[in-house]
Structure formats: structure tokens, C-alpha cells
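Chain lettering (A, B and C) follows the sequence in which the chains are written, and residue indices restart at 1 in each chain.
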């Protein structure tokens, strides 16, 4: 039985005056190591909130009202997940790094946070950088975010995720801000790493092309709820719900010859 | 009714709405300011005694039924002097602010409007003013112009206007680009009309916010300069001077120092509360952007 | 970085020149005839011939530009003329009194920074809870209090009532406490508020979220990702504080009989002793401008975005 991460009946709400505005309405999903699950839906349907809620990093005024997370059938506190069980990569990597600190600083503190920091940290970091395709890893260490391109930064983010050695990865729109060629390369990288390291990946995206490329399974969200679950093949061949069909059709319309 | 003039109307209306919020602090602050205004305007009718009336027989007396706050070292009624002092303190700050706004709008407006070399020159000129610490410049000006309240007002105005002028210039520059100004010009409106309908309310709104935030600060400067003896001359009552006069009696009659200081503290607090409220209402983007 | 520093140093020249020109222009605006004022101070009756002679002595008969140039030339060499009152070279007196003022202002700056930073952090960390309310209340009072009045209150409490500290003068550390407190109270309040606001703003930045997602604990996040970034605006604000503290020191010296330049300046103002007034103003402005320059350089060095771009720009 492989390692699993289960989000069970998660409810997230934002406080607006005297009443709550529900953002995530009873979402449950299970990640398995070695499988990539895509979470898709229109903007604002609650995909990112699910990720944030599960890990306990919601913005002020937003909170989890119900639900829990289980790691191999054991309930885990959200704070314990961060970095150790779940590594996260975000969109727009440029603003995710501290602008006045170097990549080396980020690597060191990441390793410390998950208890993997020792005298070997430098070579391990260089190894991770090399794995993600950052050429001349040595020269990247002293760089700051503003000195690196978007593609490099996304790779660095993935490298930090590798350094934490977490079994699961939440990838929140990892390619949205990148140009097409870089996008393709990053997707290749994610694919390869997920397979090689047997990661359980939750891939959040609104781009069905990314889903087609990477995902084994798909969960479709609308208004904070999961309305359809299926394998990637099934979702594309036989979308059941209207929202799903719209997503698939919108994607297919980009390739008129194929339809 | 063009979009442009609708925007101008809205800006004007925003400017005149009173910042009365449901906050008890703001209400108390308004009350204090109202009391100050009444004291300043109606001093001759409210004050129980003539503030300059010397009565050496009754010097340095504590609070009594006759003199609610006691008498000073010359036997003058402390309460009356406080009330009359309101005139000088508030009046000089008000005049300073009027002068500052006039200078800032003239200099900053001209600079932003003209652009180019004139703009650069004027801004360099302002930078020279900004290179001085405020109090040092005020002291220098008083040193050159001489002591006295008029010169204190001029000194405070000249040492503060440059920063406001920059603000005005910034506003004017940003307005020159704005769509509705260009649209109005394209529609044939004269330059002057454009200025008054659009620019002026926006400039006034921001100036009022900034000035209100600064009133308390300027009151403290005026009081400080007066305390040093550079402001009003005796026997005129002014809170800073009263503190200075009460110096020798810090131990024997501490309340002579307490009352005017307390008056200053409460007034400045009230104006600071109001300044924050006005800012929150009219231009929250200015929060935390104030320098002295 | 060296190039950046050099360029900023060179910028000092036009700034100080501009300041000196402005001062000279303002000088010309002085009411009355300076020659007559000079004679009055020397108790010489202002007969027309005496006035004419005084004008020549003071160099007032030459064209304005020549006056300015010679004044500037002298100033650069440290010659600020002779006090109308004491007849001693102004520069000697200024240099005699200046150190005491700088010591007080410097101590006040140190005190401001040392106290306001922890208060700001504390206030931001416990936002809207009692530590925050307390600091905000204190800051509000601090911003509204006349510093010279506070000085007297401190004397009343600590010198006259409790008899713990000496009320006046300069000597050991006991003499410094109250003046420093009075001078720095307001700047302390402003800076604590500033840091609080800066930290709260930084706390909602994306890099803070990412740090938490990587498993960093709250204290670690506060230290490495909020505080470090939030302190940058404080560095800039320090330049502003220097100006306020210098000004405040000038006033507070009167309260505590601190033997600094403030009292010297005020008496010069009373007696219209122009050379003294010019000299102390120029000195204090120069100090202020230089301090701001140092602050700019420090900021540029601390923020890699500026430091590294500055190097690239050379």
C-alpha cells in the first residue's frame, strides 16, 4: 500500500462582516505517491484555497471551518505538513523569493526547517540545482531573485522542493507565468522528477493542456466543490458535467484540426 | 453631463464631506477643537480676568474659587491666560498653514504646470529648503528676520512649504496625463477652466489632509520657538511662553508648567486624531507617508 | 558600490552650495541696515560716516556676487568671521559648543533606535492585542507631547521629587538620561509606529507565504523574512529622525542647561549676531546632509537590488 495524503471534507470560509463567505465547500481528495492528480476549474473556484487551507497558511480573515488532513490514515496538523510532508511550488516565482536574500540563504533555511541541514548542505544544494537543470549551479547560489529569469526561478523553486525531500508536491499553477518554451521544459522536468522520485503530486491548473501532458487523474472544481473526478482520458473523452465540458471544449477549440 | 465634469463634481463633494465617524475618539477630538475655537474667538467674553492684569499681592496662588487654575508669578489669572493663549497658538498655526498652502500651490503648481527647465529649477530651489532640518531653518529665519510672532509664522511657513510644494507638483504632473484632462482640452475647454474644475479640488483635498495631519506638529514647533523666547513678547499670553515663564517655579508651583503643557498635549492629540480621520476619509493612500 | 558612494559624495557639493546660496539670499532679506545693527551692538552711534565705515568693514559696498564668493571662500577655509557680540572668531565658539550637542543628539538617536525597534516588533507581533494597544497608545502620546514640557516633567519627577537625577548640566550618565528621554520621545514613537506598519505590510508579502510553506516556523519567518525586509524603510526614516533630533536637542538644551550649540544659537538670535547665526546654521545643515548621505549609502548597501545594480551601472 503506497503512501497517501488525504484531504478530508475541507471547508474554508472568509469572514465578511457577520457572515462567512464559503470558499471551499467540503472538498475531499486523496493523493498517492507516484500519481499526479490535477485539480482544475475556473479562476476563483477555490483550488488554491484548498492547498492553502490544507497546510494552514490562509490569509488573514480566512479560516478552515471544518475538515482534516491525513497522512497514511493518521490525522496530521496542517503546520506539520509544510515542507516535511508536502512541498509547494507556486506561480510567479519571482515574488515568492525574498528579494534581499540569496538562493543559498533560501536553500539553507529550507534544509534547516525540515531538519536536513548539516555540513553537506552545499553539495546537496548544488546537486538539486543540477537536477532541475540549472546550469552552472555554483554561480546560482549567490544570486538574488531579481538576477534570475522566470524559468530559472521556477527551477530553483522545484530544487528547494527536492531539497525538503517531501513525498508529496503541491504545484500551484507552476507554469502560468512562463513563456511557452520554458513552460514545456518545466513540465518535462516535473514529469521526470515526479516519476523518478515517486512523488504524489497535486497539480493545480486552469490549463487543460498541462493536464493532458502531466496528469493521471483529474478533479474538477466549481464554486468550492469537486463536481467530477475521473482519469485524464475519461475527462477528455467523456466529460460529464457542464463545467468540465466547457473546460475541455475551450481547450480543444485551440486545436481545430484535432476536434 | 460629461464624464469629466462628473468626476470633478465627485472630487469636490468628497472634499467637503465632514469626517464624522462613529468613533468616540473623533467625537471627543471634535469637541476639543470646537472648545479651542470658541476660546479663541470668544476669549474677551469667556475669560474671567484680563490676562495681562498684574496683581502682585495674589502672585503664585493655587487654585481657588476666584482663580480656578491659580495665578502666575505676576498674579495674573492662569485660566484667562490659557484662554487668551489659544488665540495666539491657534491663530499663528492657522496663518502658517494658509501661508504654506499658498506658497506650495503657487510654487508647486507653477513648477508642475510649466515643466521642463523651469520645473527643474524650481525643484532644485525647493530641495535647498528641504536640505535644512525644519527647526534649524526656522531658527535661522528668525535670526535673520528678528523675533516676534509674525516672524515665527513666516519662519514656520518657509521651513515647511517645500515638502507641500513637491506634493502639489506631483499632483499637477499626474493630472496633466490624466484622460479626462486631455479630453476636456480636446473638447475645447480653456486651460484655466480645466485647472479649476479638475485640478483644484483634488489639490485642495490632498492639501487639507496633509495640513490637518501637520497642525499638531506645527503647534508644537510654534510653542517650542515661543518657549525659547523667539515668539510673542511679554506680556502676551502664549502656551509655550507660559511654560518658559513658569520655569523658576517648577518646584514651588509646578501647576504653572502643567496647565499650558496639558493644554498643548490635549490640543495636539485632538488635531492628530482629526488629521487621521480626515486622511482615512479622503485619501487613505497617504497613511504612513508623512515626513517632517 | 564605490562608484555609487563617490557619486553621492560629489552630489554633496551642489547641495551645500545651494544651501549656502539660499542662506545668503535670506540674509539679504534681513530688515534694517546690517551696518547700523553692527554699530548698535558695538555701542557706536550710527553717524553717516560711522555707517559708511562699517559698511566698508563688513564688505557691504561690494557687488552681491563678490560678497557671496568671498563669504563662501572664507567659510570653506573655516573663517566665519567674528562674533558681533564677543568679538571672538565664531568658528572657535561653535567648535567649542558643538560636540556637546552632537553627543546629546547622537545618544538620542541611539536610544530612539534601540528602544523603538523592539517596541515596533512587539507591537506588530501581537497586532490588536494588549501589547499592540499599549504601544500604539504610547506612540500616540509621544507624537503629541511638547518635548520641552516633557523635559520639565522629568525634572519635576526625577530631580525634584525623587531626587534621583541631577536637574541640569552635563557630567556623568545621570546627566544624560533625562535630556535623551525628552529629545527622543517623539522620534521613538514615530519610529515604533513606522516599524509596526512596515512589518504588517511585509507580513502579507508573498515571500512570507512561501517561507511558511517551506516549513519555517513563525519566529524564524518573522526574523528572516519580515523583520529584515521591514527594517529597510526604517533605515531611510533614520535620516529624517536625525533632523528632528538635532532640532529637538537645540530646544532641550535650554531646559537642562546643556552646554551645547542651542543656547549659544538662541542668544545669538536675540542679539542679531549674524556671523554666529550663519555659522551654526551651516554647520547643522552640513551635518544633517552628511547624515542623510550616510543613510543613503547604508540603504544602498543593505538592499542588494540597489547595491548590485549600482555596481552594474558603473
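To be clear about the criterion, contacts are C-beta pairs under 8 Å (C-beta built on N, C-alpha and C of every residue); 3 or more make two chains touch, one makes a residue touch a chain.
What you see is a predicted model; the values in this text were computed from it and never measured.
The largest tally of C-beta contacts between two chains is found for B-C. Taking the mean of all protein C-alpha atoms as the reference point, the chain centroid lying nearest to it belongs to C. Taking each chain's centre as the average of its CA atoms, chain A and chain B sit 55 Å apart.
In this assembly, the C-alpha centroid of chain B lies 22 Å from the C-alpha centroid of chain C.
Centre to centre, using the average C-alpha position, chain A and chain C are separated by 51 Å.
On the chain A side of its complex with chain C, the touching residues are 55, 57, 59-60, 82-84, 87-88, 90, 92, 95-102, 105, 109-110, 113-114, 144, 146-147, 160, 164.
Put simply, chain C touches chain A in their complex at residues 204-207, 209-217, 220, 224-225, 228-229, 232, 302-305, 308. The touching residues of chain B, counted against chain C in their complex, run 124-125, 127-129, 131-137, 139-147, 216, 220, 223-224, 227-230, 240, 243, 247, 250-251, 254, 257, 260-261, 264-265, 268-269, 272, 287-288, 291-292.
Against chain B, in their complex, chain C makes its touches with residues 15, 18-19, 21-23, 26-27, 29-31, 140-141, 143-149, 152-153, 155-156, 160, 193-194, 197, 240, 242-244, 246-248, 250-251, 254, 265-266, 268-270, 272, 274, 277-278, 281, 284-285, 288-289.
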